[in-house]
Amino acid sequence: MKKIRMGMIGGGIGAFIGDAHRRASRICNDYELVGGVFDVDYEKSKLFAQNESISSDRCYVSVEALIKAESALPADKRMEVVSIVTPNALHFSFAKSLLGAGFNVVCEKPMTMTVKEAEELEKLVAEKKLTFALTHTYTGYPMIRQMKDLIAKGTLGTIQRIDAQYYQGWINSIIHGTGTRITGVWRLDPKHAGASSCMGDIGVHAFNLIEYTTGLEVKEVLSDLNPVKEGIELDLDGTVLLRFSKNLKGVIRASQVCGGEENNLTIAVYGSKASLKWAQEDPNFLYLLSDNEPTKIFKPAHGYNDQFAEASHTMPSGHPEGIYEALANIYKGAAKSIRGIEFTPGEFPTVHDGVRGMKFIHSVVDSNKAGNTWVKV
Amino acid sequence: MKKIRMGMIGGGIGAFIGDAHRRASRICNDYELVGGVFDVDYEKSKLFAQNESISSDRCYVSVEALIKAESALPADKRMEVVSIVTPNALHFSFAKSLLGAGFNVVCEKPMTMTVKEAEELEKLVAEKKLTFALTHTYTGYPMIRQMKDLIAKGTLGTIQRIDAQYYQGWINSIIHGTGTRITGVWRLDPKHAGASSCMGDIGVHAFNLIEYTTGLEVKEVLSDLNPVKEGIELDLDGTVLLRFSKNLKGVIRASQVCGGEENNLTIAVYGSKASLKWAQEDPNFLYLLSDNEPTKIFKPAHGYNDQFAEASHTMPSGHPEGIYEALANIYKGAAKSIRGIEFTPGEFPTVHDGVRGMKFIHSVVDSNKAGNTWVKV
Amino acid sequence: MKKIRMGMIGGGIGAFIGDAHRRASRICNDYELVGGVFDVDYEKSKLFAQNESISSDRCYVSVEALIKAESALPADKRMEVVSIVTPNALHFSFAKSLLGAGFNVVCEKPMTMTVKEAEELEKLVAEKKLTFALTHTYTGYPMIRQMKDLIAKGTLGTIQRIDAQYYQGWINSIIHGTGTRITGVWRLDPKHAGASSCMGDIGVHAFNLIEYTTGLEVKEVLSDLNPVKEGIELDLDGTVLLRFSKNLKGVIRASQVCGGEENNLTIAVYGSKASLKWAQEDPNFLYLLSDNEPTKIFKPAHGYNDQFAEASHTMPSGHPEGIYEALANIYKGAAKSIRGIEFTPGEFPTVHDGVRGMKFIHSVVDSNKAGNTWVKV
Amino acid sequence: MKKIRMGMIGGGIGAFIGDAHRRASRICNDYELVGGVFDVDYEKSKLFAQNESISSDRCYVSVEALIKAESALPADKRMEVVSIVTPNALHFSFAKSLLGAGFNVVCEKPMTMTVKEAEELEKLVAEKKLTFALTHTYTGYPMIRQMKDLIAKGTLGTIQRIDAQYYQGWINSIIHGTGTRITGVWRLDPKHAGASSCMGDIGVHAFNLIEYTTGLEVKEVLSDLNPVKEGIELDLDGTVLLRFSKNLKGVIRASQVCGGEENNLTIAVYGSKASLKWAQEDPNFLYLLSDNEPTKIFKPAHGYNDQFAEASHTMPSGHPEGIYEALANIYKGAAKSIRGIEFTPGEFPTVHDGVRGMKFIHSVVDSNKAGNTWVKV
């Protein structure tokens, strides 16, 4: 099958997340990186292009230039999709321009800085009938997809409690290092990071996994956020109470100051008949608990899994796939959509997931500011 | 060493918790059960005494009768301590009478039904200079004691977040069985269970472990409780936000409707330098996390542990001890106190822990009633 | 129920294993320790008796004296069972004398020093129709009993491979300490430890668990033993190939020099339809694997377990019981036998298990001496 | 950097292992697949080439044709390396031809069918000064590399015992299916699989990991192999005793009939000072045990790891990488060698590892045939 011609905004030399996106696109083997704006510094951008054997003609000085030049190319040469892996504050304007010009978009999260921007993108995607994939990477794990399927099938009965956690410790070394470093870290600066650090960066992943796996919507939140240290303006830690319906509540716990925690994202969904638990650091193990039967461990590459989960893992059972394969699964889903091939709902997070995420972040911040009161999402 | 003469209120034939207390007292080998009021039905009580080879003379018809008769015995025959393992609503009046008459007391939790009662007992214990041990059993685990010690030593630096969980699923089968069973279960009936089901029964254990291991006091709580099902009056599930000081927050999550969860009590304390995690179902593993070193697994019976932890485990390393040994450790600590032997603070939970627990339960219930607002503990 | 009058040989002040036996007997609550020969030093023995509130009359100077005096007592005062917890070399003669005089016996392992002795005891037990319980403690774990039951039921299909491991590291610190300590440790001295250190002390436990859980007999062994260091005469480490039948083979691996291993005893039984795995350091988890279904985790206190396993655990699910409760289960089984109450086969290891163990140890040693050849068990 | 021009022999449509190699080559991003002989059926081969957008000119009818045509190309167009992912029996002749013609080779394991062939390749590689990478994939895991480094540094002291396991269950469903399927499976047929099924396919991986991580050579083996079922000619299960030196022994256990086991490869190396344990299904966790300190868990992406391990993982800590990344690490190492860039010894398994593997397999088979006697490797 012919590769999809992909461009990239950001992700030049030394950019970790751009490298991850390119790896993912190569793993799924549906894309060919043909050009982009890899760095704000055009010289660095060209150097990157050269290293990657990308034609210097298609290494552009700006997104504007890219759009102009690529739009002028014949349809069978033109970029079909553009991946946006820039700092957060730039996602919206680039996505808007690219969608406006008819390009499909893959976008790193957070999708935008405000709910309004998010909704504008959602409208644009609908109008333009384009593919927009948001890389909430964890939805690409086979066992998360199996979890989604088991819940959809009704395996859990009535859901009674939902508990998700995202604990990291990496900001610890920054805030307890020299004082001068605090202001130097962009994530701690509201101007660059937006309204929230912890909830905006990682809490939203927990939120997304909840809505993704259960198919439910969080209706209201009550949050208690913690800057942890004097002089920090944003939340580095917090707890969010969730309400889904009258008798269904839940909680999201997230922190960037849990020293020694690496990337400890977990989700547990408890139902009247059974429960499901999953942890990102052991992504190939899904636990199904019930009161009357032994706990069952679901793993990838087994006939007992749903088709969607099975199609998200290529190795035989017992050969662990990881985070890159999860991201590749999302790229694979986006490729199907771009190509007009049938795909499974949930195969890639959409612009709507982006809108939900922005609503979550802002309602959480509002609740905290209002003195820990309930706020509609 | 001569055994301490112990009486027991409740715990007759078929009573699970009384059996556990007796086992614990036999494991530590400091006690001899000499009499009691084992059942409200005197005939059943006598049958139990006979089965246990307890003299029928000391099988009493009531606590009043026990106090009267035992008080009349010479000091070297008289009961020295009485264990109260009756339904919750009776703890207070029995404890008050026994303490008033000069008996040391071991009491199951919850200590009382109200804060006022709890404070009254605390005053009484102080006045009478008696030993009062509350069986918050989990504080008897060696690795919980090691955790307490590591925190006291400053291993964690400044504590930044505290997260405790107590998830069970056993009420699920009751509320989703026949409708008639709901009212039949005393735990779901406010008249018998008190102000709270989930928080009163298990949330308070999580609370106790937090204060026990960290030496900190929870200052304020904001709770969101969930009866889960129409027609249930008490909480079967809930989340409690905790505040310790300006920048130290935490959370307790507890539920009795997490289907398939057995007795999933966990505690995690995160500090600026390191963190500690423990789970009750694998009680002999304590995890010390830090950003710059490999995670360390502490286990009992090793020279690297503190003396207190080491003295709380008798087998060589790798021979798992369990919940009965934890309870026996508490009985062992109470025995030292009764005998006037020096003991380590924390060797058994005291009446003050009981006061704290009642304050926690009632502030949590109040916060929920008041629409999820902050309430002082 | 009246307590069984128990005596004890060995197990005085400072003796770890005697303490464990007494705890176990108190946990199951079927026994009363009425006397014994607690120490070769009579003064120490009396001191121990005094500490334990045992009548000095029944603190004897020798096993001979005990037998004479107790035999002279009326049947309703006489000791009914005697626990032997002396050094290994004394087990046989004491057991023989006690059985000969009509006392039931609980005996620590290894039962004897030679196969001949073991067979002599077996004959004696049969003749005298007495209870003889050998404390292969690990058979007392609920999940080992559940494993036995699942296998007996045919859950695994045809057994195809058996693999047991017993790894410890404690001898490391001895052999790598000062050279003089080597000869000082009795376990390394053939005169006191018998023909084998590692296989005799721990390998035999792995062997016992295999025969216990599967109901199969090991027919032949081929061993490769390792003294690990110059100057050591006995095996501290080794591997034993096992043959059960033409196409059923297995392996036992045991070592006392696996630094950092505590008491890492595991057993895995693989069948044509399913497999079972268990590890002593997490004794309340039993894993059932099969090719076509998710792995299942069996835990105690669930309706899905067999009656025998269920009766071996008293706490509700999720309240971990440990090694003392396992030993107490064996004492409980022996009590039933002594009282003539019906019991489940396997409720306590018998003299026949002792014979099998001695045959295993000696055939393993013989195989190694003969240059790693097959030897009949 | 310019991509290395890669060819492939085998690995066409539906070939799992060829797909894995191509993914790995794309992940590390050092290679470009330019042509090959993808299938014995030339039409299918061309179809595959078309799907992969490979020029039909370079889709060859045979290895001979490939060598001839590619050799005729100018140096800057010519294939630089060829990956051999054909059935086992073809590895040797293709590798020999390609090396003879001056092509670097990546080869799936087993490298050859006989020791003689393996040695011939080793000689050829040395003469030709070419890169030959054998894809013992598990050596590409970061924590295996960390293990190698910790051992090389002397962290373990004197090694005292080595224990590796490779348990799978997948052949179970074949041998217990219909009788006719047995002969149909090529792995069970000596003509196609060679002298061994279980040891040749998976036991050799365990062997390789032992020699890779410890830097030691197995000197002698004594094996007991098991065809498990009547009518099977090859081993599906077995145990191999290992001797490294007078007092250093070990064991490899491997099976293809451990029902429910997926890909359970483990290695444990026990030393006088400390020990290391690793399991393939949780590849990002490495356990360092010692008698006097808490067990330590090493994970990737931490400053405490060696440079080699760190360079083998690209994501931040807590983002699990898996088997594809392990294989990509080997491709990455081979690329450095092909490009003449400095690389770390062990960055890819060499032809010498292939020779060792063949010697292991054949000595194991010989030992079993000779009645389980010691055979030199």
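Observations
Order of writing sets the labels: A, B, C and D. Residues in every chain begin at 1.
What we mean here is this: a contact is a pair of C-beta atoms (placed from the backbone, for glycine too) under 8 Å apart; a residue touches a chain by one contact, two chains touch by 3 or more.
Remember, predicted model here, so these are calculated numbers, not experimental data.
With steps allowed only between chains in touch, the distance from subunit B over to subunit C comes to 1.
Set against the Cα centre of subunit C, the chain with the most distant centre is A.
If you average the Cα atoms of subunit A and of subunit D, the two centres end up 35 Å apart.
Chain geometry summary: the mean Cα position of subunit B and that of subunit D are 55 Å apart. Chain geometry summary: the mean Cα position of subunit C and that of subunit D are 43 Å apart.
For subunit C, residues touching at least two other chains, in rising order: 170, 261, 288, 292, 295, 299. The residues of subunit A lying in touch with subunit C in their complex are 288, 292-299, 302-304. Those residues of subunit D that touch subunit C in the complex are listed here as 156-157, 160-161, 163, 167, 169-170, 172-173, 176, 222, 224, 226-230, 237-239, 241, 247, 249, 251, 253, 255, 257-261, 268, 270-275, 288-292, 295, 372, 374. By the touch rule above, subunit D contacts subunit A in their complex via residues 1-3, 16, 19-20, 22-23, 26-27, 29, 51, 53, 168, 170, 261-264, 280-284, 299, 301, 314-325.
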